[in-house]
Amino acid sequence: MKVSNGRIHRALPGPSIIPDKVLQAMQRPAPNIYGGELEEITMSILSDISKLAGSKGRVALYISNGHGVWEAALTNLFNEDDKILTISNGVFGKHWGNIASKLGIEVVHLETDTASSMLLNIEEISELKQSLNHPALLLVDSIACFGCDDMKMDEWGVDLLLTASQKGLMTPPGLGYLVIGERAEIQAKKVTKKSAYWDWGPRLDPTNFYEIYFGTAPTHLLFAQKAALEIMNEEGKDNIIKRHEILASTVWKAVDIWSQEGVLKFNVTSKENRSHAVTTLVAKNYDLLPFKNWVEKNTGVELGIGLGFEGPEYFDGNSAFRIAHMGHLNPHMLLGVLASLEMGLIAANIPFKKGGLDNAIDYLANSINSES
Amino acid sequence: MKVSNGRIHRALPGPSIIPDKVLQAMQRPAPNIYGGELEEITMSILSDISKLAGSKGRVALYISNGHGVWEAALTNLFNEDDKILTISNGVFGKHWGNIASKLGIEVVHLETDTASSMLLNIEEISELKQSLNHPALLLVDSIACFGCDDMKMDEWGVDLLLTASQKGLMTPPGLGYLVIGERAEIQAKKVTKKSAYWDWGPRLDPTNFYEIYFGTAPTHLLFAQKAALEIMNEEGKDNIIKRHEILASTVWKAVDIWSQEGVLKFNVTSKENRSHAVTTLVAKNYDLLPFKNWVEKNTGVELGIGLGFEGPEYFDGNSAFRIAHMGHLNPHMLLGVLASLEMGLIAANIPFKKGGLDNAIDYLANSINSES
Amino acid sequence: MKVSNGRIHRALPGPSIIPDKVLQAMQRPAPNIYGGELEEITMSILSDISKLAGSKGRVALYISNGHGVWEAALTNLFNEDDKILTISNGVFGKHWGNIASKLGIEVVHLETDTASSMLLNIEEISELKQSLNHPALLLVDSIACFGCDDMKMDEWGVDLLLTASQKGLMTPPGLGYLVIGERAEIQAKKVTKKSAYWDWGPRLDPTNFYEIYFGTAPTHLLFAQKAALEIMNEEGKDNIIKRHEILASTVWKAVDIWSQEGVLKFNVTSKENRSHAVTTLVAKNYDLLPFKNWVEKNTGVELGIGLGFEGPEYFDGNSAFRIAHMGHLNPHMLLGVLASLEMGLIAANIPFKKGGLDNAIDYLANSINSES
Amino acid sequence: MKVSNGRIHRALPGPSIIPDKVLQAMQRPAPNIYGGELEEITMSILSDISKLAGSKGRVALYISNGHGVWEAALTNLFNEDDKILTISNGVFGKHWGNIASKLGIEVVHLETDTASSMLLNIEEISELKQSLNHPALLLVDSIACFGCDDMKMDEWGVDLLLTASQKGLMTPPGLGYLVIGERAEIQAKKVTKKSAYWDWGPRLDPTNFYEIYFGTAPTHLLFAQKAALEIMNEEGKDNIIKRHEILASTVWKAVDIWSQEGVLKFNVTSKENRSHAVTTLVAKNYDLLPFKNWVEKNTGVELGIGLGFEGPEYFDGNSAFRIAHMGHLNPHMLLGVLASLEMGLIAANIPFKKGGLDNAIDYLANSINSES
């Protein structure tokens, strides 16, 4: 007996849920790649990305995933033996550092926390840097929360921002972006040796259109990205950011109650440090696998795996999971997830305090009413 | 401020939610309509429909909506001045009677109830008819619940069953079906005058394949219907019926609590008489329009309008609404609806008793565990 | 060894080739059917169809194929024992007459010709009728050539026009249209008994939106039809008609040469009487099946079967075939068909005169240059 | 007046024409990227690519275009100051050399010809290298003709093969492949410094599935690529190669005649050296722009631009164009192109000898008959 034969809701922190219009946009033949419509689409994408980043900087678009733009950023900005400090929340900062090491860059890694789904306070870091009068460039990987958490790149003093298509940008994976601030452009000119694929020089100042892509353009992903940005433009950046804040807070209101008893806890304790894109929950020394399996088998909801929770106290990752609340998301979808989770907690006999869902609903009802 | 910018869930009692694979199946060129693949697809659809109906009868497929097959059924089975008794729950029985009147058939209308979303007990009616030794044919319109509520046409003594593509069959509207029992086939031969479009004779016994459609076949709807039936065959009729029973009961568990206080009531009081495809709620002498508008504007859920609730005591229909729970549906989707409703009740200050959602979740958790 | 593994070009006279944008338009969830966007789409379709018909008459839209609107037209306009004259080119006029007979209408059938793909001169017939001062209504079935051959319904004195979605309208089959002139509207009011499904009364003057469809609207076919009409509006009726004239003439230029020797002949000898939508070729007393099979197996072109060519002198239809040149068609697609045919004639050793393709190309080059 | 309002045929040498089933395959939600179905799809793609390459070597899959895998190949195989010889036909060999130079590799460039659409005889080059007993690795960029011209990588002694999704593989651009022979695997282990994105080590021997993609998998491109490979597997490699040979030869038969008089010439004179994927035509000292514009505006065919034809004698590239005949192609599509070209030559008054199309048709008819 299986009751989950409907539409699967993947509450995975990317690739995120793709709107119908975005899928629809890929339903067309390959275009001419030497200009015309594709050039217009490209220009509008680049412009939209920088606006979403809150920057007047130019944008380099790479056919790659997020790891690709990590490498692109490092390649353009650093010479061998340069030194970088990585401040990491979760596993990805360490990975970025590894890429730098392979490029011969000296890496100092600052492990703030293993706190996956934590949001670094970029503004504070930037202010600290400025108060020290330190000339370092500030690079920010916002892939996981771009288009979900607010980003005011220029105002906050960020020199280079990384993002990619498959999370808040609601597009299939395969496009990576660098938003390049003025200081980063200047620094890049001092770097003597760059691989041709990552070198953003000709991508920013192409002689021919195709140099923006250093070769063949990723035509269908561009059609999709353009459609997704049209949806985002229609909603407006402010509304998008506010919607994510409210929906993330709705999740937290549920967890606030659930975690008052039993095993389930926030991975990031302080609300101020949590991302609005994804929430990580952990049950240290408790195996959540039966719960996660029950939810996945029976409700139509798929949860994100816990990354970076190794060791027996985390049952090799099975003590943690992530709830994505990014991109194409509304109360129906999100409350369906929270209700499925509360049901799974009951069904799998996980110790928790009931009432989280009710608390979430109360909060959300009030938030909508007070905002309208 | 709008938080509903995600995927819309239309809890409308048809056209229902279409699975991605069904939409995908229409993404192809028009085929040759004189045979080949289209003939195979047609034959497999006809066979699947009769199996879902629980009948060995043959199936006539019409390009039409449900009203079309109402007319088709009457045209094939009755001469002018024949007499029929319509037993109606809700508005549609009356409509069918009107069609009969226009064809010159004498109609006696039995208004059991205005109870939209009520399920007639076909088996009991059949037994009553047999106990009276009455020769009348038993025609059943199962459009609204086919593939949701159980149907054992032959076992229950149904002579003709009507259904259509856009509800439990999860396919865009435009296909209507008659499943024709032995007695109906015999009776049809006695009818002297039939319009050519509705006459099922050549459709059942075509000389050329295209006569099954009396002309051009509805190619893309057939591709869609075939894909939907593949999904249904994979799940299996028994599981489909059981899933609908559980999901419908989940809705009722919520309403059981909500209706203990305040204005909201089931339209069909007795659980035994409720369809597993849709539930109608009413708040007599209370205007639910602000509530319905709030839900639609803010949650991403669209509710079915109340049909057949005229008059000031129903605020011209605004005191009623329908929740479809048919077809492509799982706990995530359904609990998202119930949670959105409970949130809307709070937000729009509707008098109701809290706890419905919790009750629904408890029930569903237990049902899944006890069935597995 | 098979070289035909590319895109199939079905030169079939309906369902015709569907533009990508039309397929794309169906790639969306079912909408609310009680108004909103669907109402706007409907109104714009009805308005576009009457404009394409060259009429100020209103339009009734049926979920059906062409045979359905044949019945709809007869049902609305005639009482039993009324008398109609059908003027038929090919098999379909006879079929329409059969439908009338089943409705009790007296039919006089005028067999002008078995000339499938012949275009009747509607204007001349209308003038004849007027010169006789005859009060009969003039009904025209333009399904096969609507949006291909010109139609000036009001100017030519046509009282009722029938068409359907799947030919020049480039949409999957399932929608039939009646464009209703003033005299037809008046006559319909005199008809006392009409079946409810076909009765255009409530469809033209609905109390509720859904009465336009007498029940559930054919949502996805409407999305498709709307997209197709947008393409047509962008091109403009005059250009569409002129393009079909040029492309049809291109086919004829090829056949002019091919038929100078050997077996292949036009079914309609006089150019003035040929439709711009489809051309029928016959080879009396010659079996073209090996040729048709060769083309279909080896080139990627599918040809329309010959309808109405029974008897041994036509090898039970195998002596005839149809080339559709309707709807979504340009020189690349059409010349590919003609080249494939000339290749097939060579490969299958059919007696014919070479040079048809060259003649077609010369004509088309000149036509384009002289029009621009 | 425009007669080209049908389906556009882009005879562009990539991105090539995408089969409907491949577009259809992308019409689905994003999957879980940590395993399951996506892992199976990946494994089947990697296996299919190596079979099409005629190799037992392993395959590394990159999210990138062709330029990306150029860099990937160089990064894995060479240390700084290593020396490579590039043998180039057309512009792309030079570009690859430029990438190498930026990586610090010493490049000797052998300009065989500016002959775009020329096919290098890999087997001869391999034999020469072996006869000299030279230890160099043989790297082959087969992007432009993979799945069109034959490739027997292992038999011919190729150590590394590059290809990408958007040509013979009939998939939207964004996937690049390296097929890695035994000697290449050994050599890669000697390279001390590799960028992490391009390093094929973890991609070939991943600890976790996602390392195959060094991060997020390009989900929808993989769905598309899988669908395209299913089509190719159904046809079979031998048939694919033979079909391309016949279709390419059909083009050449037309050009053989056209070029006997007037301005149009093959860019690659010797038939043995021409690729079966694309044919380049040139008219030295003659401006073909009016011709190319006429074809594009009036026929529905788009031609590939001439790359690498600078200078006034080539009117800055306007004296050359390319006809792609790769991938999803059958006689209807190809003859439509050739007929459109012959028509364009007439209409734009280009000096040429008539009869090319007839010659092509004769050849193709005979070839199909002699192969069957």
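Think of it as A, B, C and D in the order they're written, each chain with its own count starting at 1.
Going forward, a contact is a pair of C-beta atoms (placed from the backbone, for glycine too) under 8 Å apart; a residue touches a chain by one contact, two chains touch by 3 or more.
All of these numbers come straight from a predicted model, not from anything done at the bench.
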Maximum centroid distance from chain D, chain identifier (CA atoms): B
Pair with more cross-chain C-beta pairs in contact, given A-D and A-C: A-D
Rounded Å distance between chain A and chain B, as computed from the means of their C-alpha atoms: 42
Computed distance of Cα centres, chain D from chain C, in Å: 42
Centroid spacing, where centroids are CA-atom means, of chain A and chain D in whole angstrom: 35
Separation of mean Cα positions, chain C and chain A [Å, integer]: 53
Two or more partner chains touched - positions in chain A: 17, 20, 23, 27-29
For the chain A and chain C complex, residues of the former touching the latter: 20-21, 23-24, 27-29
Chain D-touching residues of chain C, taken from the complex the two chains share: 1-7, 9, 17, 19-20, 27, 231, 235, 239-240, 242-243, 246-247, 298-301, 328-340, 342-344, 346-347, 354, 357-358, 361-362, 364-369, 371-372
Of all residues in chain C, those that touch chain B in their complex: 8, 10, 12, 14-18, 23, 26-34, 63-68, 71, 75, 98-99, 102-104, 164, 166, 172-174, 193-197, 199, 213-221, 224, 302, 305
